[in-house]
């Protein structure tokens, strides 16, 4: 059930270097590919494998095409072109409409006739499940929540009451959308819980990773705009807003009431404090802590690269003595001790 | 179904500035509120919105009341007063007693007659579910575990065998209480699993966030005292003890056998090593790594604030050259190379 | 139902100092143990409790045995010996074979006759469940996945289609194995999802913690080799390979296409970038960020130990002024401003 290279070239607007009638049916890496597989070259670190590849075709850019020993599909953006070809070769099967007999669907829920409610799933009263949507095995859609057309809750997803999710989304196993925000008012004898009466609104084409959590708003809604991609184990606090087409890598945490712009990239295990604003097109590298609003696009960092532990111990010791070092330099400069060197430079 | 400002003032001991017969029925932010809503002002960064608010009433402190253009409910602690008013306006509905027909409750479990066991839930032999408690949809309460009165496992919560949870708790979706601690003894050919024979004891009024994990003890129990609040995606290792009214923000990790005092605040993505003790009233800021016992109350930090990436690269390079800088200064001071400057200052 | 100290000594090759006919039936800490309990001493910080213990026996090394006031079981590796004794005293009960009536098992699944499929569990078509394996309550094993003999999905575990898990594994509640890797190709109008057509292969004797996520490969498989132990809330990206007997502590994140060697120890909340290689026998300490391949065994670090917040503020300020300090020193050395001091030392 292959597709000819010619057909792929036409469908995706690629330039073909090679036999248009040759067919590919699968994808594979440059090193593993055989004649029936299409491969791709996007990350330069894998270019060394190009010369030896036995792939049926390689998706790559014009610069690399000259070195390609097999048919080439030349693309301005090889990774995106590869993604589209792979989606063609591995289409997501349509959901099988119907409600599994083991599912529990409240009579007051509205489930589209061609949606799929999987085994052990639960759909509460007032919930709406759109056309071709999937409420996968053991997922829970609580009262009044709405799941848009073609959105898939893969398995064991929890959607709290009143949450609204757009179209064509993918929510992976264990994701929890709409749990209470972390709102507690300190008082004399501990904390008073602050009712979290806002909800979560998620746009179209959003993908949410396994065991990721997005909290409902305290008063207004938490908002995830169209095209946002959240990796696994990401935490999104209450009243956060994440702008369209922003991606957040695994284990990152966005604290409450922070706004992130469009097309941002938040690195793995990065974190932000709450109540700040991050502009469009900001890149935050991994393990970085954002403590103030970032008003300009660009890349921001604060993560320390690992070094051998004994070198690190010396570095930490030197850093902790920096104040003294500053004073020693000030003394050499003929100044008295203290913070007086701050005006320098 | 509103409540009069006068009634709110009396019930919560607030001073009312305005018409006692005016009613509010909902909550809203200062900017969004209309005449039927109560709002609040606690964070000074939102004070700029006060002059323009159209709220039916604002909960605030005496200093801000003079500037309030609408009725004011004056409180010593406006956030806590707001929390109580919001809970009045948005009461948590009582659970509907009974066992859903799709739930699996072992005949040897003891379930209070006015507890609610939701759809697809599982209650194993010997488990006890207290009065008005909720075992929400698809939750699992394993053998011999005990859930106290009025505690709610919202959905998809897992409580391992023998775990004891107190009264009035809230456990959000995906929380896992009592999985095995991470105990493996290194041996010649890998690791030997150390049986985790302790349990978890959780006090009253504890809230546990979505997908948070609290491991059972290796020998003795892991203990979460009364009033503790854990945010989402928090990891609590085996034999940890967290003191009463301590709050732990999202993505934080507490390593095994560490004791945290009362009324501490652990910031987001902060971490501790194991086997240390943190005193009462310690604040640990976000992304901070606690590597030794903290015996004094106060705030501790080690997280680096993000800066533009090229500035950060220079900072990292300079820090890695600190030893040389120290030597250069020592040479200027007329000393020989080496670590001899350490006695300085 | 105790075991005599003599029997324990013989079975585990320990030297007994004390009465071989005395029996122990439980484990306890040095401080809590009574005459019927066996305790152990491995971490030197607990040695101070040895003199006062009332344990029935203590597992310890020869050096400590002289100070032991009660019977001693002398081991070269006391912690591993204790682990084996505890497993003897607290054996994991065999699973009860059979399929719970509330489970949903596809007729085209192959379930061993002595496997246990728990309540509300789901086993899809083509899945294989090996002998004595447990698919615990509310777990989901999707189409074509394979669970090896004696492996236990404790509860609410999700195994995606085609994933292969070896023998004698333990997967704790909320673990998600085989969700899509985080692959999105940036394009003009957002991102194109890259189909994740690889799978996950997990070896024998692997333990995976609660709410931990292991993503399926983009093209080839993500691989977890034999004996690996992953703690709770760990994220393993697509196409990662983790070598045999490596342990990863809680909240750590391994980015896509990174290879970790054998017998490594990755600390809590540590993270790696993608596409790097970590050699065998590497130790990465907690909250450390690995940004490049580590080719030599040894310990690597970059986490900052917490200090009082005002000290930390001064440290941060000094580090941000390091470039100026460097220039001041260069000026004292009689050089002109700039990066010219880099050749120094």
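Should a chain be cited, it is by its letter among A, B and C, assigned in written order, with residues numbered from 1 in that chain.
FYI, contacts are C-beta pairs under 8 Å (C-beta built on N, C-alpha and C of every residue); 3 or more make two chains touch, one makes a residue touch a chain.
The structure presented is a predicted model; accordingly, all values stated were derived computationally and were not measured.
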Residue-number overlap at the chain B/chain C interface, same or different (half cut): different
Using only the C-alpha atoms, find the rotation that maps chain A onto chain B and quote its angle between 0 and 180 degrees, to the nearest 5. 120
Calculate how many whole Å lie between the centre of chain B and the centre of chain C, each centre taken as the average of the chain's C-alpha atoms. 25
Residues touching two or more other chains, restricted to chain B: which are they? 102, 120, 138, 156, 174, 211, 233, 251, 269, 287, 303-305, 307, 319, 322-323, 325, 329, 332
List of chain C residues in touch with chain A within their complex: 102, 104, 120, 122, 124, 138, 140, 142, 156, 158, 160, 174, 176, 179-180, 182-187, 189-195, 197, 211, 213, 215, 219-220, 233, 235, 237, 251, 253, 255, 269, 271, 273, 275, 283-285, 287-292, 294, 298-305, 307, 314-315, 318-319, 321-325, 327-329, 332
Interface with chain A, chain B side, in the complex: residues 27-29, 32, 42-43, 45, 77, 79-80, 82-84, 86-87, 89-90, 100, 102, 118-120, 137-138, 154-156, 170, 172-174, 205, 207, 209-211, 226-227, 229, 231-233, 244-245, 247, 249-251, 268-269, 286-287, 303-309, 312-313, 316, 319-320, 322-323, 325-326, 329, 332-333, 341-342, 344-345
